[in-house]
Amino acid sequence: MPARLADLAVRFGCELRGDPDALVECVASLQDAGPGSISFLANPRYRRHLARTRATAVVIDAEYAAECPGNVLVAKNPYATYARIAQVLYPASPVRGGRHPGAVVEPGAEVDPSAWIGAGAFVARGARVGRRVSIGPGSIVLEDVEIGDDSQLVSRVTLCAGVRIGERCILQPGCVIGADGFGHAPDVGGYVKVPQVGSVVVGNDVEVGSNSTIDRAAIGSTVVEDGVKIDNLVQVAHNVRIGAHTVIAACVGISGSTTIGKRCMLGGMVGIAGHLEICDDVALTGRTTVFKSIGKPGVYSSSLWADEARHFHRNALRFNKLEELARRVRRLEGASGAGSGEDEHD
Amino acid sequence: MPARLADLAVRFGCELRGDPDALVECVASLQDAGPGSISFLANPRYRRHLARTRATAVVIDAEYAAECPGNVLVAKNPYATYARIAQVLYPASPVRGGRHPGAVVEPGAEVDPSAWIGAGAFVARGARVGRRVSIGPGSIVLEDVEIGDDSQLVSRVTLCAGVRIGERCILQPGCVIGADGFGHAPDVGGYVKVPQVGSVVVGNDVEVGSNSTIDRAAIGSTVVEDGVKIDNLVQVAHNVRIGAHTVIAACVGISGSTTIGKRCMLGGMVGIAGHLEICDDVALTGRTTVFKSIGKPGVYSSSLWADEARHFHRNALRFNKLEELARRVRRLEGASGAGSGEDEHD
Amino acid sequence: MPARLADLAVRFGCELRGDPDALVECVASLQDAGPGSISFLANPRYRRHLARTRATAVVIDAEYAAECPGNVLVAKNPYATYARIAQVLYPASPVRGGRHPGAVVEPGAEVDPSAWIGAGAFVARGARVGRRVSIGPGSIVLEDVEIGDDSQLVSRVTLCAGVRIGERCILQPGCVIGADGFGHAPDVGGYVKVPQVGSVVVGNDVEVGSNSTIDRAAIGSTVVEDGVKIDNLVQVAHNVRIGAHTVIAACVGISGSTTIGKRCMLGGMVGIAGHLEICDDVALTGRTTVFKSIGKPGVYSSSLWADEARHFHRNALRFNKLEELARRVRRLEGASGAGSGEDEHD
């Protein structure tokens, strides 16, 4: 769906520098762009590709606009503006109401006529499927699930009994929402399964990535608030609460009963222990491990980074004697008469 | 299914302090409980909610019983006792025998008439499905799989050819048992696939979490012994053996040919290298990495914890020069004439 | 399918020491082998089982051949030779052309008559399925996907619209290729979804493990080159490129727009940040975290290893004051008049 630059500028509040009648019809990276394409510069790392881009237009911050050889759309937030333009150029296909002959919808399910149920999908009794919902092929919607208007189960999604999904959510293939939380009470000779009788409540505008898992609460609800974005292979345990507009990168694990605040950013492979509280506006860099609650907004880390193995190994061996090394330093300080600046119980 | 406190006390060997005729019919957390609900106190972290709980009854250790305003069931192991009571209040629906018209059962599969095969499930020839087994919608049971009595494939489970599952197992959605192990022999110009001709043997009372993967052995069997509980997104590689009653939290990875003992506890994101032996009764805290066998029961760790990023970063830079720092300390000790207490090859 | 040792020796260029007419018909580990089985020694860790093996033949390096009581096939690369022999003993069943009555193939899909479409599988319009392709039960092949000759979707695989898979690929159950990359542009009050309009291109002879995820590019293609082997629960983000013959163990995560070179080896749980370049022939040991590009072939590490928890904990507390410890050492050096060997801005 081609668009005139002037129309895009007006619609998204950009300053247009260049030909108002130029048409763009696809997106491209700066280096691969050809005529008819629109690109953007958001990460300064890619600025080096700017001077030679063949894009018909580039969405860009005012600071770098002069470096672009072609038309520019100057935006305060080039990445978000690019995203909106891309949504115009690549509109989602409207959901056609109905169901594939290979879909199974049990009696007692309420499916809005504008919703689509794909091949091999299963919708159990008691489920309520809203307007323009798309349930992709192979998806499983168990008893009493509710799915809000305009949400999309891309394919092979599993929603277990009683789960509630808000509006405009996107659930990627293979994600599982509402399976039993991991509750096993240790007892003589083994474990007793703790019935997981709660549910999962997912707000509006949430995205859940491929093969991610969000467990139902033991009691009450696991809650994912509005606007949360969850990447692939993420584990959200029972009774977790994730605050609105928090983003969670791939391979993160959040243990049971932990609360994450609003607008947090969790890098890939972050791990958070159970029963903690992370306040609003916390950023955790990749592979950070959190064992204690965090009460102060800010950026937190705990992951060492790659070094040549032999070099790393030598330092790691020293780490294993770090307590001892500190004592030796303390002893030297005592011998030299110098204070350490540490408290005496160090 | 409501229950009288007196009956629960007798059945589960608790001391009842309060009204024997009081009825409970649901479970609730201490803070959210209302009349008719039963709660419990197992984690002292939640003791603060005790004084104001409105639960009809609380399962609790004798130590804290006096702090509870209502009826109490005093138990030595409140969490396990609570679990058993919850099983009474929320009994599993009995499995109805039969199959959904949308299920596919190949000729040559032996399915007990008391077992249920759900919509879109597939059971291949040679499979043997025991009594009261429930195969949830979208599950795939390939050739010659055996499933013991009372086991449950919740939904969209995959069991590859020849896998054996014991009795009373619970397999959560999306888990895959018996796919090929990762065997590729390096050779000139690439890799040669090593046929994975073994299988997987899962004992009784095992639970496997959503989207977890347990690979078939290259030769012989990958073994998961009785009572093992595995959380979501866990990887169990080929030829691993997991001892009875070991519990494995989410996002753990266990590499090939490693043996884990009985009654071990693996925290979330633990990683264990291949060809190791972990003895019985080992606990690994969250994100511990194991590169060597462990022959002594106990608690092991290897994960640093979150710190403010700038502070962490400075320390991590120092870590990268730790070997050098240790040499400098050694040099100071030499200059001062002090011994270090270390052996001379340090 | 039994084989004569002499035939195997000729076919795979081994030196046979023993009975040329001996027959082998199955594989076994050294310790479990019985008559009629062939085993191998590749990992010296298992050399202790050699003297007592009852295998009819062992594939082995010349160095250890004399220690074997039975017939030996001396090979330069025993593991690769074993793999090839196992492929002979356990030949893959030929794919029978056709489709299960429970499969759904939309009009407009081009499926070669020699390909097999299993029960509950779905092939959408525009898909092109090559010769002898096997699409296992429950697999989902969306619009315009291309699958090259002899590739195998074991079961319950999801290929999203437009994805291209090469020849002789093996896709294990639950893997998802081509779901949306994780692109969300921060904006006032939340995030704007960035349309993921690219695709995924997978080369020839690639294996993708169970429940692994490979996301489609935001723009352009996520690329997995020929011969790449990916284990279970691996995340490959949008716009990643993985060079030929790189092997990736389980639970690895590779962030967006990162390029991995050829012949790299990524250990389990490795994590790589986004927008990096890893050159050819890099090995990353288990749980290494990479935050910067790597331009030099070699082995890299960053993961500490398990220690008794109390001991580890004390060292970790010292780590949190490592910067301070280094300053104290510097102060002692100043007081003693000794140079540190460090540059002055340390």
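A, B and C are the chain letters, set down in written order, and residue numbers restart from 1 in every chain.
Simple rule for what comes next: a contact is a pair of C-beta atoms (placed from the backbone, for glycine too) under 8 Å apart; a residue touches a chain by one contact, two chains touch by 3 or more.
Remember, it's a predicted structure, so these values are computed and weren't measured experimentally.
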item: Self-contact between copies chain A and chain C, residue sets same or different by half; value: different
item: Angle, in degrees to the nearest 5, of the Cα rotation that carries chain A onto chain B; value: 120
item: Centre-to-centre distance between chain C and chain A (centres being mean Cα positions), rounded to whole Å; value: 25
item: Chain A residues counted as touching two or more neighbouring chains; value: 120, 138, 156, 174, 211, 233, 251, 269, 303-305, 307, 319, 321-322, 325, 329, 332, 336
item: Of chain B, residues touching chain C in the complex; value: 104, 120, 122, 124, 138, 140, 142, 156, 158, 160, 174, 176, 179-180, 182-187, 189-195, 197, 211, 213, 215, 219-220, 233, 235, 237, 251, 253, 255, 269, 271, 273, 275, 283-285, 288-292, 294, 298-305, 307, 311, 314-315, 318-319, 321-322, 324-325, 328-329, 331-332, 335-336
item: Interfacial residue positions of chain B with respect to chain A in the complex; value: 26-29, 32, 42-43, 45, 77, 79-80, 82-84, 86-87, 89-90, 100, 102, 118-120, 136-138, 154-156, 170, 172-174, 205, 207, 209-211, 227, 229, 231-233, 244-245, 247, 249-251, 268-269, 286-287, 303-310, 312-313, 316, 319-323, 325-326, 329, 332-333, 336, 338, 340-342
